[in-house]
């Protein structure tokens, strides 16, 4: 097995209306992953493709019912009034540099196959400081797109992020350009030290504005409340004992709620 | 050499009775490895296949007679009243992520080739604490199997282990599902800091119950006694000098008796 | 995608006059990279080839206008009175050992294809100490070339650098020998702790002497002034706070001005 | 380039008398490498094959005359009264596990091609303690060979080394067995912290006894004298300043004389 791609739909007859691809994979603060996972839930998206690869960690996840699922990424389809959304979400990015290149080619093949008009990759932008405000920083493969996104409240700063964009969120922009697909990366500002559902919500808010759709935020608000309590506890605690306590009493399905990079 | 598979039987004519595959490779606390190695010894299993691979460490082991043996895994056959057991045991897992995928495909090919009915992968479950009780935690690729194993005393907790199952013990479950073979991973609880024959014995006890077979535990009881003495010495010692002494006076064939991960 | 090579010229009809290849990729003190980048700017070189590879980091750089560019290396052509210079410059070297071998074969294919007479690879030579003088140390694939370069002020010391030359700057010399192309590596002495435009200028000065060309040094002098101020600040500062301040207020396009290896 | 093998002899017509292969590559204490390098010098062996590979570090070495040489291994031929010795010596072992497997296949192909009768791989055995006595520990791919070598003063201890033999010295034994070539690994005891010419000499002494040949030890005795002085200085020094001094004043061609693993 190098890569295994399993379709759960009849890919030849699937016709999409104004298809837009959204990519939210694990990364800084899990900002992009939590945004994409939330969209899948809130919009009742259905899984249409499974992607497995030897470039992912050699690992299975255990589900609530104790059955296992091979680590992989998944393409979901959510139909909205304005656009059919192809949401790429999942467990992992490549474990090695070359794998990123191979996997992003696969993701772009989906974009071609389903005649995607534009792609938004979602990520986090680490600032290193706690802040009450969340901005969304952008970069794109196309200067016209930048003008449009500025009007929707996305910030574009010269040569920012200074270190570039690492992983699928970045590569997809350049690979999309080779296929003449407009693509932008939207990055929610976050501390970089902790999973940040607040940043995911701010990011998702802007994305909804761009796509002119609405997404119920209830589940994400719950996560934010949980996270606020944790951060309070951390602030109160010098030893970090409460953090351990949190870990022990939190259901494992929230295992990506907190992490330290 | 990429992978080298050497059969020591006539694979075309071998007919097995209710073949069950047991996988016990190196991992957390060497719990699975010691259980499988013990079964091979106690049941007088004969080696039927050698597996070598460039994904294993580039290394030979030195045997008691000073001859060498290339690092690899081995498939053994033990015939019991209830079932013919194919026991996969050995020296190593893959040194890189992609190698895990390749090797597990090879292991599943054995399962197909020998028409295996079910697979049990054996491993350790690190708790981080010393405990006098050993539980066996399970996960499976099939919800029906879980119900059956619960009745045999295997514990199934929602989404546990939270980080999933890494390596062959996990991948084999998902790969088996693609071939419609029922498979479960059985994990003995252990500290995670030290090789744990007591956990192996508890694990093996449950497995014998599931398979309805008996395995003489004498050699494993010996290892437990040795280990208890070491742990006592460690507790008595601040400098750890006695541990070094142990290392020097213990025959190397026990080299996997103690390890620090 | 393994490697992607995109020509921006008609490679079959391009005829060059006394073609010389200059290679300045990221490395010790970014001495070679800054020298090559400066030549491209100061000589108004035009990009003729893009090289992308899965051996580069999976990353895009963000440009001043917020559009992205896939990490890669680029071949530029600068026409001077004495020679047509093919300047290889870019963002990265291979992330893994085997990739260095593959990429250097590609670079040597350019040398063959464009009938290059000689190659100069540019790098830094870490001394570990601050010094007001910058020397240029050389090594070559050909004893005659050494004699000639000594006359131009390049120092050749027996078996120096003692650890050899790592990466493209070194491999290219040996690969060139297989194609009977004379090649030398020129290394500017530098502390090894910080990007060093002063060393780049000294190196470039010697190279201009060898090639008998002139290159305007203004932009490099600016970088040196900036760097001198930073070093002063570092000397004044115990906590390093000013260095952080510098990072925050320096435009990101200068992101390779300072780095710590 | 994956692997590049360059013959400097007419391999088809070369006829060898009782060909024995000696392998001494970099490793613990550089014991094996220094022994093989010394044999090449002292016996006036001529280079017959160059081996380059993308599995070696991407690096060139700089020679005394400032010309460069691609990192690689080399096969030398030394003709003695009793046997023609094929000595494999060089700069490096593989940088990755799979490369060890590939390179050892190449080395064994030489053994087949030149109809080698037996192979001796040379290495160091780290004891962690300074000692005035040097033993030579052995392991072999063949029980008969062990008996013979015991008579020549090689020590064979059960399952020693406990962690097995890593790299070419070990793999070659197992690979040789597949080709029915007798092979043994001879390991000189050494601290493991420093390059150890004294251990190399002891090892070489035993090898000469086995092969019934004589090798002039003058150059190795020089190295031992140098090393003794260094060790004295280290003992005298708390700060280690003298060690730095040694580094600065020692010609780079001795760069493998001291190293810290």
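Letters are used for the chains, namely A, B, C and D, taken in the order the chains are written, and counting of residues starts over at 1 for each.
The working rule: contacts are C-beta pairs under 8 Å (C-beta built on N, C-alpha and C of every residue); 3 or more make two chains touch, one makes a residue touch a chain.
These numbers come from a predicted model, not from an experiment.
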item: Centroid distance [mean C-alpha coordinates] between subunit D and subunit C, Å; value: 37
item: Gap in Å, rounded to a whole number, between the CA centres of subunit C and subunit B; value: 52
item: Residues within subunit B bordering two or more other chains; value: none
item: Arrangement of touching chains [line / ring / star / complete / other]; value: ring
item: Touch relationships between chains, expressed as pairs; value: A-B, A-C, B-D, C-D
item: Complex interface listing, subunit B residues touching subunit A; value: 94, 97-98, 100-102, 104-105, 138-143, 146, 156-168, 170-171, 173-175, 185
item: Interfacial residue positions of subunit B with respect to subunit D in the complex; value: 1, 54-71, 95-96, 251-253, 255
